[in-house]
């Protein structure tokens, strides 16, 4: 009986049994355990949503994304033919110590958390949280990797380049502007994919053009197909920066695929287009940071949004592992 | 502080603050305010669902579609590059004064409401309600525009050309038949897109052929692609009628995209196919009326159905604005 | 037909037809229309939830509460035997012009909005929003009515008397403390009903005792019954203040009755206990302001939370009408 | 293995296996099978909701109520200590052959279906459908039992005695008026329990008084308790009529208990109060017909409304069985 | 009135009226009625989910799939131009007599049920239930058709070829392995479509290769398109076996299309790709059995998963009818 | 900034930030960490639901109950006036290592897990899982405390004393029978509260009487009130056994309070009755073990069921702390 009791390692038990870290990975919430883990990639939660301009709830995103899987233990990537976690050391570094109703502090502790992870040599994979958290997260990554130039590949329905939203600078509609204006990432090193709908305004798009940002709308994808557009995006991402931060706003997906989000914009990507793009991009660029944001569990159903967010992370891990296992 | 209080115009406040008219547009429920507005387009609610043969609830469609947006104030169409509401005067004309359990009266007051809007020179954009409301709505538009010939472009999983459903003439399965048989729109001026499944029966399809209706099934779209089929539909829509009424049954979309509807039929259009088609069609034809019907909020989730219905309207507005701003 | 079209006044059409103001009451969002209405009571929306420490979403409360009714036109209170709106002039004054991610500004514009309503002689009935909005709302009421002493009857699972929550002063856990400490309402003029669970801590309860607050826990209600406890609460409310502000945190109800809220605490009041208490209290005290807060629609089901919140308002209106119609 | 295959009779298999008749009872949809069954009680579905004035969906009530149980086979009533189905022959007579969008026909076929069941000597237990179906159902029962006088015990938040609703006579707000005015049941033989809220108006209540109706409001129950009020209701029900039709509008329950309904009114009965009342009433009066109406599955959650409706029927069956088994 | 009462045959009444067999087809739960029906196809329910490794609930799949339609009576296939039920005799043979918490017995009675149906000459169309039921079902079909060789076309996100899952042989992750290892279907006669994600492991895929299984991943479909891949799959299905068992795990669809399932894997097929594939495959091969499994209603929304599962069956019926009506 | 980063201990951060153990308590999943903790009480998860006879899903109960709270850090019991966690050392011992589709193994590892916890001197508080887990759990507790006699106080809608269900011994309808028949707890030391409905049958109740079980039905509570009945139950619990195992099937609550369960039976306890009973019972008896079972998250809404289950545990902890702090 003791044998049967210990028949499986904790990490190999079903996903719903035991500690709900991301994929039941080792839980390393502090510097000591993280350092000891010698992780190459570390999951970080950024449970914050006070930058939201519409439907909130993304503060519960990190926990939901962590739990949204039926997988545990070793995993074999079917498209990439790699035994992901045998190749890559990945841990869950826990959450940034966010508290409610203190927006500036929230951004500061997220920045500090990501800085610590990146400083230890792990690629931070940040689970949002609303998109405002990309400002502290990408700033921290950019700072740690200086003087290398970090570029941004950004999947989103919205450009998030507003100077402010109703006067709020820390809005989830403005992080990309702040990254550019504060000098963390140059405008010409931005590549955006999935823009559609009615926001931001013409003046903002003009500013984006002046800064050298490159973007691909859904209308372009409708005409040329996702495959061709992603190929261009990868080319552009490799043209300029030394390394890439990948930011995935889950609302780049169609609301049918990702209903659990704050500002859903109909007409987005299919899940398989996004997951394929993640594999292709991470497989080609030098990834130094990543986030998946705007998963709002109160609006989700049957966890479908959290699950596709979870798979964005797994696809990135698989692509990293595939790269690492190339001879 | 009074300054801060008045920092934003009501129409520019967030979508969830203040009067929930469509896109926070001016509320002109009566003839006087509508006339004064000199609107070019007017939203009209048709909160009626007693023509439904399966899952009801579309009576709550108009309110849901109005509220299903995070946008307010000026909007910039990303695919069409136009500042929509700076070019086009659009108002919300409120609802037809429907009351429950009086089906004939409901159809009459919807017809009267649409007639008033169209008579004042505004294009009515009717938010259903079940599809039976297309009969009074399109009849009113056809009447107002006489002697011009009005044609119909009709997106739907179902042809809605039954002579009756279980003996009911006013069913949501019969409006197209009644428009033809009562002489409002000629059969040969009908173009239907998205038909699939198992209804109506062979005899009805034969009748449709005899009347000269043209239709495009999902099977055709599977084979030829939406782009090619929509191009054909536009060609057909321009071949005969002087002006077009566009009727969008939201169940033309796949149930994953539009679960909040009464008779969902698996295998439908993706959101981006429909939104693109709306832009293309409205951009090419002379639009004199439009409806978006069969949004049933009790079956919706996270408002995804109402939101894509809302965007069908915005895409049409954007296409109208783009046309209006062409030199 | 025009007759049929105008068969019913807009306010008498079904709740789901036409303008979704509270109970389809006149919409008076600005000073001019409000003044012209000579309203005795005015509904005010406070769509703000950034003081929330757990599940957000209360920003959508005002709209949900307004729409959560099948009633329209004249209404007859069955328990109080009064034709409510024939006796009382009530309007909907719209929302305070809140914008996201600017917490201090939100509190200021709510305070200004309530001040304007109260200054014109209408009793403000504020629809939250999270409970932090009671600070600006009750402060405004207290200010307008000076030098009369305003007391507070407060239904809630939580005392909301924390000095701060995780360092945040503007938290929804602290409004009562701020009202006391800033001198708007004296501690001894507070009566709280429904406290239960595990918060706040012993030190805070000690402070409450020192300030002279009076409170009634659910444990007391379990032992003595709601009827006896409410009778005591009314006695206490009449002992000291000249007039009363009534604040109803919907989480005073059991989570089965009010699931759509941010910090549900099992073991609360039944709906009929609360509605009866509202009738009794408003019927006995001099009401100068009221709020119903913490309705979070994303967590609601079938609108049951929004509906009971709506009825808290109607019961208060009925009690005011009954008082007004007493000879 | 064939033995294992036939280990259990179909009726004894789990509720979710096999034919979903009510409690897996014999399905006797036609006169022949019903007659052959010599049923003492027969379940009848009335899948109709076009009399609804607010949220529709009750057309799906019969099917939902039938399936909302984990029980099958023999059942032992714990409070009444009787082996219900060993004492009582009960069958499921299927649905009245309703079709959509033909309101008058719907009422006629419901009346005919109930008439057939009652004529064969079975007590019809009708599953609604909206409350308008009580008009044809109770009329049929009254007709079959002439010249005995049938009375009505009616649980509801609403009196349903309107002369019309927005001009509609067949509304779910008017069936009781029509039963009285058409002479099927005398006003003085009506006992109503659970009235609350704001409807109907004073004039209607006056008319009710003039007709001799007796009613008990929730306010009375709040003051005197359900036990005492039900005792009075039974006394009144026995005072006049020879036999009783019991009509249960599920909205007599609090919306927390019965969210899946069209016009929920906060402040209603607890489930145990209603189930106890059903046992007591059916145990005391001579029951000749019964309905449970206004279960609207699209608004239900986890079937809780359908399940309590199902139990209203089972409690009535148990009380009938207990009476039948008294020496 | 009796005429009106009998205006429609039971099978032609609306889907929500009357007996909820599949498509209101004749209910033939026992050998005698099934034999008498001379059915060519028979629906069979397998309400079992104890082989599930993650989210359970598929035991309620058969009932949900049966009810998830607005159709009744005769149906006309729009893509295949055939009057399906006029050509094909189809009945509903009811459920296998499964009981809870006896896994081995469940598999045995499912096998017996399918064997009886197949022995009588009807093609069994089995509604799961979790995927473990394909083992008894396909084994029964294979046995009945001996010595013909039965092959398997298998749509799924997962290969389901594990030797065991956490030591459980009867897991829903292992049925295909058991069919092969017990000799019911040869590995080389397997064609799998839709594999993706991270399971099973490399060793299992190696074993699959050794056994001669052929499979098509979503990655292949992303690259080559569904049309080309399905054409290959059909070619492979015709290369070897004499007849085909078609097993559709609903999770082959993207979770947006089929949220109501136990182990959703993002990145799957669109509904129209699957429905088209079913038509093509059934139209080309000699179908001897079929199942649609892993529909878990507690995780479904607005029945969208159950409805697409229902349509998988209808598309197969239509393809069978089209074949049968070819000259 | 490092200071701000470490401003709060992990356990004091908001409930949604960081490790989701029960109440953010120390996570001690193995013997070593548990022993080192010197815990007086230990939470144990039993994520198993294959004993369920109707709606499954309780395997996800432990995780849901752990996360269903907005509290963290120190907590002050308002009714009991005790600083719970300052008085009592409580940890979360993690889950028993259950795997799917191996029912007997699941029961064995649960028994072993509880045995280990109890052997170390901690009171196990087991989060189910379906009610079958009470058999291994209470057996382990009884074994560890021998030769003391352990009694059972059991809150439930159902007696769970069936000899078997459809032939299954390990069913969730049979654990109490097995505890008695295998000699772990004597029948006369059982006290059951909350029985209602139609199950089990008369013969089983007779057997219960012969074994000396004592039970209190909801009918008794309706007549005498919960306060009086609980007082009797406590008296009976103290009459015989030396120590008490408290088993709470969440379905003892009314389905409105606990919709998220497998076999909801309308007419149950209110939340405040149960929470009060837990405080009273734990405050009076010598508690040696406890479980809260049958929370099925897929059927829950807004976590209301999981939250009341969470509070059953907190109330027990508070009562233990209150006892411990008595002078």
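By letter and in written order, the chains are A, B, C, D, E and F; residue numbering begins at 1 in each of them.
The rule is simple: a residue touches a chain if its C-beta (ideal position, glycine included) is under 8 Å from a C-beta of that chain, and two chains touch if they have at least 3 such contacts.
None of the values given here were measured: they were computed from a predicted structure.
Novice: State the chain with the largest centre-to-centre distance from chain D, centres being mean CA positions.
Specialist: A
Novice: Could you classify the chain C-chain D contact as same or different, where same means more than half of all interface residue numbers appear on both copies?
Specialist: different
Novice: Rounded to a whole Å, what is the gap between the Cα centroids of chain D and chain E?
Specialist: Going by mean C-alpha positions, chain D sits 39 Å from chain E.
Novice: With centres defined as the mean C-alpha position, give me the chain B-chain E separation in Å.
Specialist: Taking the average C-alpha coordinate of chain B and of chain E, the gap between them is 37 Å.
Novice: Where does chain E touch two or more other chains at once, residue-wise?
Specialist: If we look for residues of chain E contacting two or more partner chains, we find 7-8, 14, 16, 53-55, 59-60, 99-100, 105, 166-167, 254, 256, 270, 299, 301.
Novice: What's the complete list of touching chain pairs for this entry?
Specialist: Taking the chains two at a time, the touching pairs are A-B, A-C, A-E, A-F, B-C, B-D, B-E, C-D, C-F, D-E, D-F, E-F.
Novice: Quick check on the complex: what are the chain B residues that touch chain E?
Specialist: 53-55, 166-167, 195-202, 205, 217-219, 222, 254-256, 259-260, 262-268, 270, 299-301
Novice: Report the residues of chain E in contact with chain D in the complex, numbered from low to high.
Specialist: That would be residues 1-2, 4-8, 10, 13-14, 16-20, 27, 29, 45, 47, 59-60, 63, 67, 94-95, 97-100, 105, 108-109, 112-113 of chain E.
Novice: Touching residues of chain A toward chain C in the complex: what are they?
Specialist: Residues 49-57, 59-60, 99-103, 105, 165-168, 170-171, 298-299 of chain A touch chain C in their complex.
Novice: If we count contacts the way the header does, which residues on chain E are in touch with chain B in the complex?
Specialist: Interface residues on the chain E side: 7-8, 14-16, 70-71, 74-79, 81, 83-84, 254, 256-257, 270-272, 275-276, 301-304, 307-308, 311, 314, 318.
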